[in-house]
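What follows is chain A paired twice: with chain B in the first complex and chain C in the second.
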Partner chain A sequence: MKSFVVARDLLREAASRRWFLALGLGITLGLVVIGLSLRMDVVDGALAATRFFGKSVNTQIRAADLALRPVFVASSYLIFYGGLLFGVVACADFGPSLLAPGRIEHLLSLPVRRFELIVGTFLGVLALALLGALYGAGGLVLIFGVKTGVYSGRLIVSALLASVTFSAIYGAMLTVAIAARSAALSAASGGALVLLGIVAGERERISEFFDPGISRTIFRGITLFLPRVSSLARSAGEIAGAQPVDSAALTSLLLGLVVFGLAALSLGIHLFERKDF
Partner chain B sequence: MRRVAWLVAFAALLALSAFLMSRGDKPKKPERVLKAEFPRFPKPWEEERNRKRRTLPPAAPRPGEEEGVLRKRDPLLVALPMEKGKSAVVFEVAALKESPIGQIWLDCMLERQAENQRGGRGADKFKEQFGIDLFKDIDRIAMSSSKVAVLSVAEGTAKFDRSGWPKRSFGEKGSIWQEPEGGGVFATWGDEIVLAGADLKEIEAAIERLESKSPPREQTIPEWSVYGDIFGVISPEELADMLPEGQGEIAAMLRASIDRVDLHVDTSEDVAIVADVNGSNAEDVRDLAKSMGAALSLARAGAEDEGDERLRELLDYATVKPRDGRFTLDVALPLDVLKEMGPCRKRDAAPPPSPPPSR
Partner chain C sequence: MLAIEARGLRKTYGGGFSRGAGKEALAGLDLAISEGAAFGLIGLNGAGKTTFIKALLGVVRPSAGVVRVLGKDPEDPSARAKIGYLPERLFLPHAFTPVQFLASVARLKGISEADDEVRRQIGRVGLSGEEGRRIGGFSKGMRQRLGLAAALLGGPMLLVLDEPTDGVDPLGRAEIRRILAEERARGATLFLNSHLLSETERVCDRIGILSGGRLLREGPIEALCGSETRYRVRFAPPLDAAALEALGFRPGEGDGVFVVDAPDPTALNDLLDRARRTGARLVGLTHDVRDLEDVLAEALGQGGERGHA
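== the complex of A and B ==
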């Protein structure tokens, strides 16, 4: 329960930061621009014409949900990778600021256990990622829904996948922050994990480029433990685009990702418990 | 002990996450991408083929027209009816036979033919009687709403004398055979054109068009429109009649605002259909385009509600593209879906033999 209090404090802190105000304003501005400049002529569920900033951008007449699929897929990838990169850069400082001299001593003097501080920070960042993704995706769904009558929750599902992926990445970032007390190192580890995760998502295909033997085994061994970022991004795009998704594989990936985040958090707590402040 | 517990939890959770994520690593079956090339203009090889097919001498020039600009004509196109409001569609049989869907359907039809042969029916019987192998000798078939089929066949293969039907000559190069009992009429013009139908007058009119030296009227299928594996013209009246009863409004709009619909089909991979809809009033055509798009959208939604996945998938690939004063309707038919719609569709397959009754 105390973890939630820590998480709430983190959200308050985030609200006062320029990064997050800029994110909120950026998403809002993007949604307002799309909302005001997009004109869609829908006849019985068919998108007959689209004008963006007064210029005709759609010359085909087809079912509105079909016509919007590519837009939703592109938005899904934007939310996924854009959200990950923004989150890595903007959230890197939360861990080190928690451990800042003076503040950590004050926090430890409160009736809060050490692991609750870490879990609370993790939950706070998770809530932040979730709010940002839902605000962006929900806003888009609402705008397209009002303009075309197609209210698709698929984009929101794909935004949730992005949030889950970020939570796993942030688990590792928080651990690095505890170990090194450095926002730069924390951000670098997050960025590296995103890049390695893109590779890990394609490990089956990439491993075929290695000669059978030790090099392939090493590659497969390392990538086995990494979050499959690109797989999740692809699945999110497929969901947003109403394409068939292997739900068993996706569930397994998602569970694996959540457990990866918890594993990283466990290591972080272990390191935190051993530290003297 | 508590400190070690977190480390143990880390190791155990990392192993579990690796296990779970590796289960999701299954290489995804490569999704079959729709390969449909929408025919919008003749390819160079089609232009060359069309040039070779123009074997009929030019007709007399129209008043005021210079003789130098006249060129030879394609006899198959000339034989088609030229009245306004008629539909005509040409099937490039040789190309269709080579196409993926043609191969699948042909295999099935040959199999059925073998069954029919045992019953004394089918293509072999036709070849024996008339000399034409339906699977080998036909290059093109043109069908029209005047109910005459015009066939372009391999030179010298048509031998209707074998049929025993009474024969008479018509015009310079025409011969007509009439079935003594029943209304079947066959005719040949030269060595390569065969006309078949039930209306003797229409067949005679087709031969007259082929031999006419008077200035040509506009062909039903103009030379510029000769491309694709299936091509032709559909009249607004006949297109409106094809629509289901529930689409009466669109049928009325078709009759009122459309002059002609040019149809082109490519079957080289998946089947791609382009219908160019032309009308004289741009505003009416634009309204019709919107109504057609809406009708397709509603039909798709209806198919989805009724769980008709096949129809929904087909309608996914249907788009209406408005242009200046006209619009095109593009429809792609995936090979996988067509397999189940042709002569060998699954629903026609014989049910599996029931197990013998136990004694």
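== the complex of A and C ==
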């Protein structure tokens, strides 16, 4: 499928962009600093002492996997929200760049179907998000695994959830880029969706602040179709922290996310198919 | 078979309820180009040349009319697989090397085992030795050559080239002309859009003049510009115009000026001898060949203005 060629080219292009070089460097630097400066003494499966930059961190002696849970939860939130914000800013230009004069005419003159270009761009960004999340989360899991003997894939699952959430938001960003050919508007729409998604995740509680009636109905109606970003972030944290997860609620959140992402992408493809360049 | 066929092709940009009638870029264009021809489209800026090229490639959808390329709808990927296109301002990914860029184009064109083809085209456009360099460091001429290599990948049956020699040095232009001649000899059809009329004249055998989205003139270059077998003669007055016309001399522009066709020098001298026998006295003889600039100006109704300039 030609979409994979487009996705591969996008990854190659991303590898040369400063944003992504900085991200790779930042993650690597963070992992190296943690790896070199963190010392954890594990005795019979219990974390006996922790030193960070040589300074003792006051901890109770408890099972290493239990002791690591708050760290993984914090990392999960960092990866989730940090990843979303980074992705919104750094990936906003891929859509407009695809549609740049002199490039889109050339691509459309090749034996490629229009939708394959959009799907390829989406897949490329999805792969980019997955690679970034896996590198960061995988690195942390590896470092803590080596230091404590506790290897848990939960942080990686949590990071994958963050990637999927970003991909759905990127579907909407790409659609805005197709309609407006503007990286700034694409980034703005992504940022707005993250904020509105945080609100949507708390819609039950926030709707209580509205008077019963039309204003509450409007609020609930608008937030109904938005991805529940804060709920997903909470679920990602719960997964990373080995806390019980309401699997039915998570499945519902994921289904809603997939529907949102596919609907946004379908609209983008529809606009792209009708557009002259 | 026709390589390009357009019938009643119209394209209107914009417009709608709040924006009025919109801008008509193509206004009922009819054009047929046979396979193997070398066709040059000329016209002023805004004449509709780029819109027509985009319609050929399915990049813009016509508002009305029919366009077919190599017998198929331009939207059909199997038709586009046989087209090589060089846009006027090709955007090239700066971080890629020429090999990476062409390999990507080859994959999108569905060319399998493209390594040899990529290297061959790089060599053909004179970029050998630059394979490992990033495109970001290329000059305008080098980018143009690389764009041409991308268009040539896979041996397309139709080459659509928008300003192919733009930014290329004179020797490079000659090289590009040689490549285009090779492609034509292979059987490919050339469709050229260039502001460099002399280039168009040297590469193409048919010309179309576009203005206001309409084809004003179209035909073999000899027919539009005159030919090597057509002569412009001037006789001093007095002369017997009727007698001259009876011999095949057609009145031209200016006093005592006539145009006559003669396949060879012997026939020409024979005609002139017969004209002299009618009492006409020859004072001027030139080939009746105009350059494309004159033809374009005349077609656009600017011949007088250019003459006074």
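Throughout what follows, the second predicted complex is superposed on the first by the 275 of 277 C-alpha atoms of A that agree within 3 Å, B and C clash if a C-alpha of one lies under 4 Å from a C-alpha of the other, contacts with A are read in each partner's own complex, and residues count from 1 in each chain.
In this section, contacts are C-beta pairs under 8 Å (C-beta built on N, C-alpha and C of every residue); 3 or more make two chains touch, one makes a residue touch a chain.
In this text the structure is predicted, and so the values were computed from the model without any measurement.
Looking at the shared chain after the overlay, A:V5 reaches chain C, while chain B stays out of its contact range. More residues of chain A are touched by B (comparison of chain B with chain C). Contacts of A:Y81 after superposition: neither chain B nor chain C is touched.
Of the two partner chains, chain C is the only one touched by A:S16; chain B is not. Applying the stated contact rule after C-alpha superposition, one finds that A:G102 touches chain C and leaves chain B untouched. In the superposed model, A:P111 makes contact with chain C only, not with chain B.
In the superposition on chain A, contact of A:I61 is made with chain B only, not with chain C. Interface of chain A with chain C (complex): residues 2, 5-6, 8-9, 12-13, 15-17, 100-113, 276-277. Of all residues in chain C, only 13, 54, 57-61, 77-78, 80-81, 83, 85, 87-91, 93-96, 100, 104-105, 107-110, 150, 160 touch chain A in the complex they form. Taken together, the chain B residues at the contact with chain A in this complex read 2-3, 6-7, 9-10, 13-14, 16-28, 31, 289-298, 300-301, 315-316, 318-322, 327. Considering their complex, residues 43-48, 59-64, 66, 115, 203-205, 224-225, 227-228, 231, 243, 246, 249-253, 255-257, 259-260, 262-264, 266-267, 269-270, 273-274 of chain A touch chain B.
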